[in-house]
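Should a chain be cited, it is by its letter among A, B, C and D, assigned in written order, with residues numbered from 1 in that chain.
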Amino acid sequence: MTDFQNVIDKIHADLKDKVNRGLVASYIPELSNVDPHQFGLHLKHMDGRSFSTGVSQKAFSIQSISKVLTLAMALPLYSENIWKRVDVEPSGNPFNHLSLLELENGIPRNPLINAGALVVADILVSRLTNPKEEFLQYVRDLANDQTINYNYVVAESERLTGFNNFAAANLLKAYHNLENNVDDVLDFYFHQCSIEMNCEQLSNAFFMFANHGICTQGKHHLTHSRAKRINAIMLTCGFYDEAGEFAFEVGLPGKSGVGGGIVALLPHHFTITVWSPGLNPKGNSLLGMQALEQFTSETKLSIF
Amino acid sequence: MTDFQNVIDKIHADLKDKVNRGLVASYIPELSNVDPHQFGLHLKHMDGRSFSTGVSQKAFSIQSISKVLTLAMALPLYSENIWKRVDVEPSGNPFNHLSLLELENGIPRNPLINAGALVVADILVSRLTNPKEEFLQYVRDLANDQTINYNYVVAESERLTGFNNFAAANLLKAYHNLENNVDDVLDFYFHQCSIEMNCEQLSNAFFMFANHGICTQGKHHLTHSRAKRINAIMLTCGFYDEAGEFAFEVGLPGKSGVGGGIVALLPHHFTITVWSPGLNPKGNSLLGMQALEQFTSETKLSIF
Amino acid sequence: MTDFQNVIDKIHADLKDKVNRGLVASYIPELSNVDPHQFGLHLKHMDGRSFSTGVSQKAFSIQSISKVLTLAMALPLYSENIWKRVDVEPSGNPFNHLSLLELENGIPRNPLINAGALVVADILVSRLTNPKEEFLQYVRDLANDQTINYNYVVAESERLTGFNNFAAANLLKAYHNLENNVDDVLDFYFHQCSIEMNCEQLSNAFFMFANHGICTQGKHHLTHSRAKRINAIMLTCGFYDEAGEFAFEVGLPGKSGVGGGIVALLPHHFTITVWSPGLNPKGNSLLGMQALEQFTSETKLSIF
Amino acid sequence: MTDFQNVIDKIHADLKDKVNRGLVASYIPELSNVDPHQFGLHLKHMDGRSFSTGVSQKAFSIQSISKVLTLAMALPLYSENIWKRVDVEPSGNPFNHLSLLELENGIPRNPLINAGALVVADILVSRLTNPKEEFLQYVRDLANDQTINYNYVVAESERLTGFNNFAAANLLKAYHNLENNVDDVLDFYFHQCSIEMNCEQLSNAFFMFANHGICTQGKHHLTHSRAKRINAIMLTCGFYDEAGEFAFEVGLPGKSGVGGGIVALLPHHFTITVWSPGLNPKGNSLLGMQALEQFTSETKLSIF
């Protein structure tokens, strides 16, 4: 039986003093001011055990990791109709995000690229009475922690500088793939990305994806089939144009965010969250990627 | 000596009852309600003569034709610096307008595609004290007609539905190629496109491009070199992805608009404006293109 | 314990009389003449059991399935240097295959698209003394069947009509990513694709990918890590622009070929091969895709 | 009346000692060995006068300049059917030449990009009994000089290294836009590009484009309309992705080749040829571009 505590402690020890830690996201002050020396891991196993090392209790901006949670919330609300508005293919593409959207007539390549997540946000804005409140409650319930919150300063900074997202939302609107006002969808989207969680909270929130759709509290949020399909999307699309690399090197479904967090999971076994704010050139946590590579190398635990 | 009146009367007679007139632009009510049976021509010669036929005195929405006039106004204000922010190459491209902008890092391909015209609009918003008032006065002076005006209803309709332009402006902003707020630039842009002019007014306004930069009133608005260069841009970029076709079939510098107007000119000789609201699939006036092809075939007058 | 015989018999019964079976590949006579009504499955389990149904003993053209086998043979010969010449990212792209190659300076997106497989073929041509003989022997050994052979008529037909592959190989050569002559690489490539195998032989040949690199005869062909990585590439890149869809609907690493075969596998458990010659519009076996979807739905066996 | 001799002598004096002369094409030995210090001009006027300066009698490889001559020869043979197989729009594109071809289903953007010239070559191979002999005779007659010849060493070097052209021809073949064998079309194409001519011979050969289709010997090779249209294509497509720049800065129809030659013309007035082997980053003669800019600035002679 794998001694997870020992494994993650060793990873932490091996990597924590690395000089090359990548660059902290700099496009808004709130992200650029984060101390790059922080590094934490948390693993939650299906058998009930939890393992932590490093800065696993410090909250950070989850950013794109939130896209998996909005997808999980939207899927039961909108059912398979969602796949008429967003595809499930990897974008495989470091460039031309809007061009893909143009070439494909406003159908985003998958729900984990920004344009796809905007369509999912649009669905939640349409289907929920108080979208921001209800989504926050959903995340709190998944993580079983009522202290989780939006960072309103981060959301406002994104609103003031997120011109690429305004461009994407307007392009979706031009293709009739947004039901709501561009500003309303983006307000929701900037808030979802601003949520702050720590490694443990994320491992808990993603537990249901490893557990056939059932969260840590035993509630059945997703059917087994939908949980499985979201895992497939994470594997093929969760790391921008490094998705293939992550599948190749790590071999677990997962999702990264520019706040430096990565959540990954082995279905039927565990979720694992790593946080280190410095990013590699592709926008994924540099130490986070290395930590997960080392983790699956040492434990031989992967879906492949 | 060419009998211009006879030529344009014959063109008018040959084409005016055509059944296939293309489709009137339908994306805003103000354009979709225009009667497609209208058809007018006006030719203004450097020797002082003018020739009209058909509905040459009825004002229509000049739309993209305005891009040549903003460029002419911006060039003396911003000088050759403008070419650092927008290129002069044909886009040659029916699709992927935003993708080109992405591939080329926010430098629009030329000042006559929407993204390029937004950069020019941004320059005017920065350099003019009252941009909308001053540009309107510029157009009135060029056409020597103080009654020319914006159509505020058209401008407002564009603001409410012009999502593609919002997308382009935000993308330019993301690439730091807009100095002003997206909304301010678009407000100016939607107004410039909404200007209403008739064939005669347009022939007069474009007279300076055929006359080394000197307008009908004798004022030197542009240097000879700049007038020549704007003509070159019109020839290579004036008809979206039909620019090559227009050079090939007609052989005159010109610019079209989705209102159904086309202005063309033979340097040192004349300007000619055609208006018919129905558009071909590429967005250029269907009868207008045919009229100008017939005109250069019959007169043998072209730059080639 | 899953009753595999019962499951595959039911799938066969449910699908065998489907009217809509897709279109048989028609670009060469040898493929277009195959009877579309054939349908077979074979499953080989790690515990030694085998299960067959339908036309599981009839050989067909393995086509692109061969790309996984050349990759497996090349990897130990060329080691990690291979990843300097070919990437591991999904192409996610139904169109522009050569354009991707241009955009990415001659580095194919992954080893399972044609351009990537040509680079792998080039490696084998460089490293093997008698490339075609040695590769064929490798496949025979993996499948433990010395009767497997090339179909020389198919290979010659491909040579006469495979202009897209000639284009790709020449483009690779222009980017200095082929060491050998274009004709030599293509000769090898057309032969590898022409190999004929039946469902059982393919399940046997792919057994090592499910079994940590150890083939049915107990020979260690690949390290555990490399077997795992090839599985990751199959999952993210094995089905052209339907890779995301296959991961989403089926959830197994696999590879399809235009001959109508699909091999898939659950690591540590089994390999399964399906054959039905009719293809869906993306070029994957129509019944084959449906059969594997039904298989993972009914058995709940997938990597997710 | 313009003193052309004085103008070109001044240009020659101003530019001949420039240190920055660009880089000589290096992809085949025959081009890379050319002395970059050579610089010549020749102008042939419709009134019969000729003007030369510098190395105007030294033959060089005309390369892509030949594409205009094959088009002129093919047009009467194939008539307007040619425009079903090749378009007349500028490519405006420094990259992705093959991708454009893919996006546009095998219809090259215009006859002056390589793919388009291959289609024109295919037409000549189909329509002529002895394609290479007859085309060479056509060029000799146009230039009124029977000494003009292919450089067979250059043609053979291109055949051995022109992988991009092999890629393009095979892609055209895949789209059924080549009637003949790839090798036959490329053999013709590599020979047409290898023709060696000097500035005077080129000015003479292109005389018909300035003279309504009538060559220096008074023979009517092209209708007025077709001569005009080829001029339009030269203007919009003659300089790769610098076509807009050339129209903007020079304002004459023209065509460049990687041998360092540029031919330009003012319809009804003159042809002018410049040669300097060093190329700018876009592949056009660096001094040649500067010489023509200076020429039209000083003479004020342009089509605009």
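In the analysis below, a contact is a pair of C-beta atoms (placed from the backbone, for glycine too) under 8 Å apart; a residue touches a chain by one contact, two chains touch by 3 or more.
If you're wondering where the values come from, they're calculated on a predicted model, not measured in any experiment.
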What chains do subunit C and subunit D have as common neighbours?
-> none
Compare the CA centroid of subunit A with every other chain's and tell me the farthest one.
-> D
Once you find the CA centre of subunit A and the CA centre of subunit C, what distance in Å lies between them?
-> 32
Please compute the C-alpha centroid of subunit A, do the same for subunit B, then give the distance between them in whole Å.
-> 47
Distance in whole angstrom between the CA centres of subunit A and subunit D is 55
Which residue numbers or ranges of subunit D touch two or more of the other chains?
-> 95, 103
What part of subunit C is in contact with subunit A in the complex they form?
-> 87-93, 95, 103, 109-110, 224-225, 228-229, 231-233, 235-237, 241-245, 247-249, 251, 253, 267, 297, 300, 302-304
Subunit C contact footprint on subunit D (complex, rising order) | 95-103, 163-164, 166-168, 170-171, 173-174, 182
